[in-house]
């Protein structure tokens, strides 16, 4: 049975496939970098995912937030760590971040409920 | 019977309650400040709500705009005052504000129709 | 039968008519400028529409992107030209632009399928 | 003897004159709207200047902040009213506004010291 | 004798060299993409430089504006074409773009005076 | 002998003192939160400083970047960790982040040279 996480991922995959099939070199390389940037390096994957989460949140990109929330969840980051990251985002980015915080919180709940 | 104003407020309340129940100190204090900042001081409440409205609009935060529109409506600000505020937002923030102006206008109509 | 393009245009027209009927001078003139700015001048209309598209995309305004995509389509710009413009937007604006790129790509497909 | 206010205004005037002499119709009309939007209407000039100030501050445009601070000063707005406006900007826009708050505060001091 | 264009380019080159010498793979590839994205493709170089200029201007990045202004100048774009691009940026991005327009205008003058 | 770090800190302290002396309650509490948010909690101080750095960088706030760079330096974070954080910021925020990356890199060098 479908849920918000699966719907988001299905749309994301479908459109990414179409865009990449188009063979625009710049876009393909950016997508590629996006994968590489979050692999372990001087910083571990968990820290990098929190960096991706806080940056997405202050830039108020709901889809980017969802993407990083799922990665955080899969990496085993706790709700407390995620909430502390979101609280820093709300302080730095201001109260205009709050609507995104609400949606992020709801998405995290869905991850906890559905991703086992 | 439910309408856009009630739906928005219900979701907002439900999620705010969950977030605040989590006891993240930074977030709780920001929520608290958000209430305090719009009480009367050197400036009256009406002026402050217009400040909140124009700031939310140039930052293109639809939910923040809705929130301040409802407060403006409850404070008895007129449509002309609200539209003048939104026109300044559109000039300062540019034509990318226009889609938000359309949604703001529609929400104000709903407030006038449903909030008696 | 209705589609995403028609729905977008219908809502846009309906709300623009209401807003303009209100006679706020600043808003009327900004709407007017918006029409004038994209007519041929030192630059031709095609180039100007691509400028509108790239600016809307880096500013992450989905409705503005849709509007300029339709104008690009009507002006006979090719998918390759539009994608190259969107790739520059994604590079300059960063990976937070990607969710808007997905929606832009989908809208272009709808334009190709439905606008004959 | 020159100070920060005079230097800012001299540069602003010199460049505005050059830009307007160029006769780009769109730019001329935007400059014109910028003057009209802040004249008295449904809202008085003081309120409009505070709207301009808060919008400029959350958008983190130092030169726009300076411009509106000087107008606020000339309109007789008090430091308390200006600071309350800036505090709302800092709350809505977040701690990234703070560097702009520091420069705004310094500019207001210069206005008080030099503009008699 | 040094001028604003040479100073900007010297600092830019010096820091780019240092950053690239550090061998951070993500940053190196982004710098690389930045060069590739503005070469001729479905769109010619002139059009792409105007796209870069308008995107940089609405995002209010003075250094990015300077960089694209110099490329526009070298590609033989006229002042009228550049100003039309900047007027679209000011309309889309709003009056907060004006301070950047002033600095762009001044930089174009320096390019005309010093770059022969 | 004065350097870029000392100058930045001196101006910052001087203006913060003046602003806080003014007793605007909202601003005082935001300054206070800014201190609390970066103390150890579910996340350690190092991670939080990197979160502050990446958020400041994608929001293109040079002064905020400087502030967090100094804290990172004092916490013993390595240049590699800082550069990896900045590379994620440049990818997420796009090439408009690059001018801020150059200034961040230069400031880190000054920290290494002058802060012993």
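For clarity, chains are labelled A, B, C, D, E and F in written order, and residue numbers in each chain start from 1.
Note that contacts are C-beta pairs under 8 Å (C-beta built on N, C-alpha and C of every residue); 3 or more make two chains touch, one makes a residue touch a chain.
Everything numeric in this text was worked out from a predicted model, so none of it was measured.
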Where chain C and chain D overlap in contact partners, by chain label: A, B, E, F
Steps in the shortest chain-to-chain touch route ending at chain D and beginning at chain A: 1
Identity of the chain that, by mean CA position, is farthest from chain D: A
Chain pair with more C-beta contacts, E-F versus A-F: A-F
Rounded Å distance, chain D centre to chain F centre (Cα mean): 27
Averaged-CA centre spacing for the pair chain E and chain B, given as whole angstrom: 37
Between chain E and chain C, distance of the C-alpha-averaged centres to the nearest whole Å: 24
Of all residues in chain E, the ones touching two or more other chains: 26, 30, 33-34, 37, 56, 58-59, 64, 83-84, 87-88, 90-93, 95-96
Arrangement of touching chains [line / ring / star / complete / other]: complete
Interface residues, chain E side, partner chain C - complex: 30, 33-34, 37-38, 41-43, 47-48, 50-52, 54-56, 58-59, 64, 78, 80-81, 83-85, 87-89, 91-93
Residues of chain B defined as touching chain E within the complex: 58, 90-97
Complex contact set, residues of chain D against chain C: 25-26, 29-30, 33, 36-37
List of chain F residues in touch with chain D within their complex: 11-12, 15-16, 18-19, 22, 24, 26-27, 30-31, 34, 56, 59, 61-64
In the complex, chain B residues that touch chain C: 60, 79, 83-84, 86-88, 90-91, 95-96, 98-99, 101-102, 105-106, 109
